[in-house]
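The two complexes that follow have chain A in common; it is paired with chain B in the first and with chain C in the second.
What follows is the complex of A and B.
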């Protein structure tokens, strides 16, 4: 199982969970499974064409999936995935 | 111009921080001769400015509009109850000079925008951005890149916060990391002063490190913290070749 850590702004769309564990082989499948489980989260992660929104970063452990293989980035059991949308509170 | 040396009074005030071995008197002189811009001196920026004033930064350029409201007082630590209804920038200036009367302050009673960002950035060596709206942050980011000045980005929401440091041409700029703002972001957000103050102190020490050239700044690294469970994570962030702001800059070593 891969643990996905959810930022505060998304928790309301995901049963108030701070993290969710999902079994998936890669990041694309993981995010599909996450948004199937919590459909209200989908418009906050993807645009109408199914592309990840520009203000959301997805990290596998320390690395942005942009610098890995994007949605095809493979996941192991001990990997942690972080969803990091922009925030500006000051 | 040669740097202005410390006075005996300054040696006495900053004695304990000059005991930091790789900082010392030369580090203190660098702070004295430095100028830092703080964009919005609210929940985060108040504490950034207060820490930098306490540390002996010579000049602060401060931008913040509006009058003090009761709802400022849970976190905007330079605003005081007796000044409710009066300009925030006046309270900011007064409180900073109470702490450090040697401080030079450029106090601007307006928020950062595309029209004033260039002139504000021209007056400083580095910027700490603490603004609550993306257009303000994007304007500052653009000017930091254009004028080649380091920019510390501190942001928070509820019990969560982010911090990273932009050194133009060397590390990703704000719009490399987040090219666009979330359309749902609002100016008002849930906040405890202890959360804005936490990321503010981290921003202040980043500024002190950059000026005095000690330690390793958060260039190419983003710290994401969730104080709800004290979960801290440092992630790698990289430049985008297609970044509309810094993509055309060469890579600095």
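What follows is the complex of A and C.
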């Protein structure tokens, strides 16, 4: 199981969970499973074409998946995935 | 130990050793402080991040501060925006002006220039020209993308900060690219996907922390300690007790529209011109000016005579058509409609009382 940690601003769309554990082989499958489990989260992560919104950066441990293999980045049992949306407020 | 001290013993003129503890900090020292005192910094936005950043920079002795904001102080600001008080909110004073006055009381030895303006592709070169560094305290993405383009075009560093809820992030971008802000956020998000202070709220400790982290990076840069500037994006979630440093590797910059391809769409005016929009954390809508011409505020105040209560200042004219709503017209033609977050309702009020 890979643990995906949710920022506080997304918790309200994911049953108030701080983190969710999901069995998935790569990041794409993990995010698909996450948004199937919590559909309210989907518009905050994906556009209408199903593409991950570019202002949400996904990190596996400390590395941006854009520096790895994108959605195909493989996940191990000990990996932690972080969703880091850009912040509008100032 | 003296527990009481006569006020007669308090210094009556600015003390020469007010920066002693900063100079004592070895990485800054006397040389670093000299550099800080000769620096020109623009603070873009005087809200939650900007008011704290401006205060810290002013206390640190940054020699020339330009405070830029388009907005006025409201009661909902006081929970976190440290330079403002109840009097500022009661009078709905222009934020940059109120911040500059308060900061002038804190440090009279530095130059502080308040500017009430909406920063756009048309005026950003003029407003930020000459700055050694810019603090990002914007409340919207359009302005950050514009600032990033300007930074790349002038090779001027800026310190990105963003904060919503208890989350925030910080990184200094040097203006040299690879990376730049667009490497981190390639495209502006759709409005429906963005969490703002309106939708998610925001807590004071988070904004103070993010602003403090921004100023730390700024002081490193300004004092000549560029090698100590953080290379990662610092991401903080205070409520979930997470602080992480996130890498921006070379692959994120490889195809970057701005710094790799040199397409400065926001600065060129092709994208992201400031448009009508709900203001972050407020029951208010900004209606953008259609032309760049300056407004004669007194003329409008006269035109509104008999329509409702009117407030006229150097920076704005305000009409209260009823008890719930107000329209604040600035000299650059922008109007902030308070009492609604419905853009079409705000536009209707604008058309009715301002027009054009």
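Rule of thumb we're sticking to: the second predicted complex is superposed on the first by the 87 of 90 C-alpha atoms of A that agree within 3 Å, B and C clash if a C-alpha of one lies under 4 Å from a C-alpha of the other, contacts with A are read in each partner's own complex, and residues count from 1 in each chain.
Methods note: a residue touches a chain if its C-beta (ideal position, glycine included) is under 8 Å from a C-beta of that chain, and two chains touch if they have at least 3 such contacts.
Everything numeric here is computed off the predicted structure, so don't read it as measured data.
When the shared chain is aligned, no partner comes close enough to touch A:40: not chain B, not chain C. Look at A:86: by the touch rule set out above, it reaches both chain B and chain C. Using the contact criterion defined above for the overlaid structures, shared-chain residue A:66 touches chain B and also reaches chain C. After overlaying the two complexes on the shared chain, residue contacts for A:18 are found with chain B and with chain C alike.
Touch criterion not met for A:74: it reaches neither chain B nor chain C. Contacts of A:51 after superposition on the shared chain: neither chain B nor chain C is touched. On chain A, the patch touched by chain B and the patch touched by chain C overlap at residues 5, 7-9, 18, 44, 53-55, 57, 59, 62-64, 66-67, 82, 84-90.
Those residues of chain A that touch chain C in the complex are listed here as 5-9, 18, 43-44, 47, 53-57, 59, 62-64, 66-67, 82, 84-90. Residues 40, 42-45, 129-134, 137, 154-162, 177-182, 184-185, 189, 191, 196, 222, 224, 226, 228-229, 231, 233-238, 240 of chain B are the ones that touch chain A when the two sit in their complex. Every residue of chain A that touches chain B in the complex is listed here, in rising order: 5, 7-9, 18, 44, 53-55, 57, 59, 62-64, 66-67, 82, 84-90.
Against chain A, in their complex, chain C makes its touches with residues 45, 47-50, 136-141, 161-169, 184-190, 192-197, 200, 202, 232-233, 235, 237, 239-240, 242, 244-252, 280-281.
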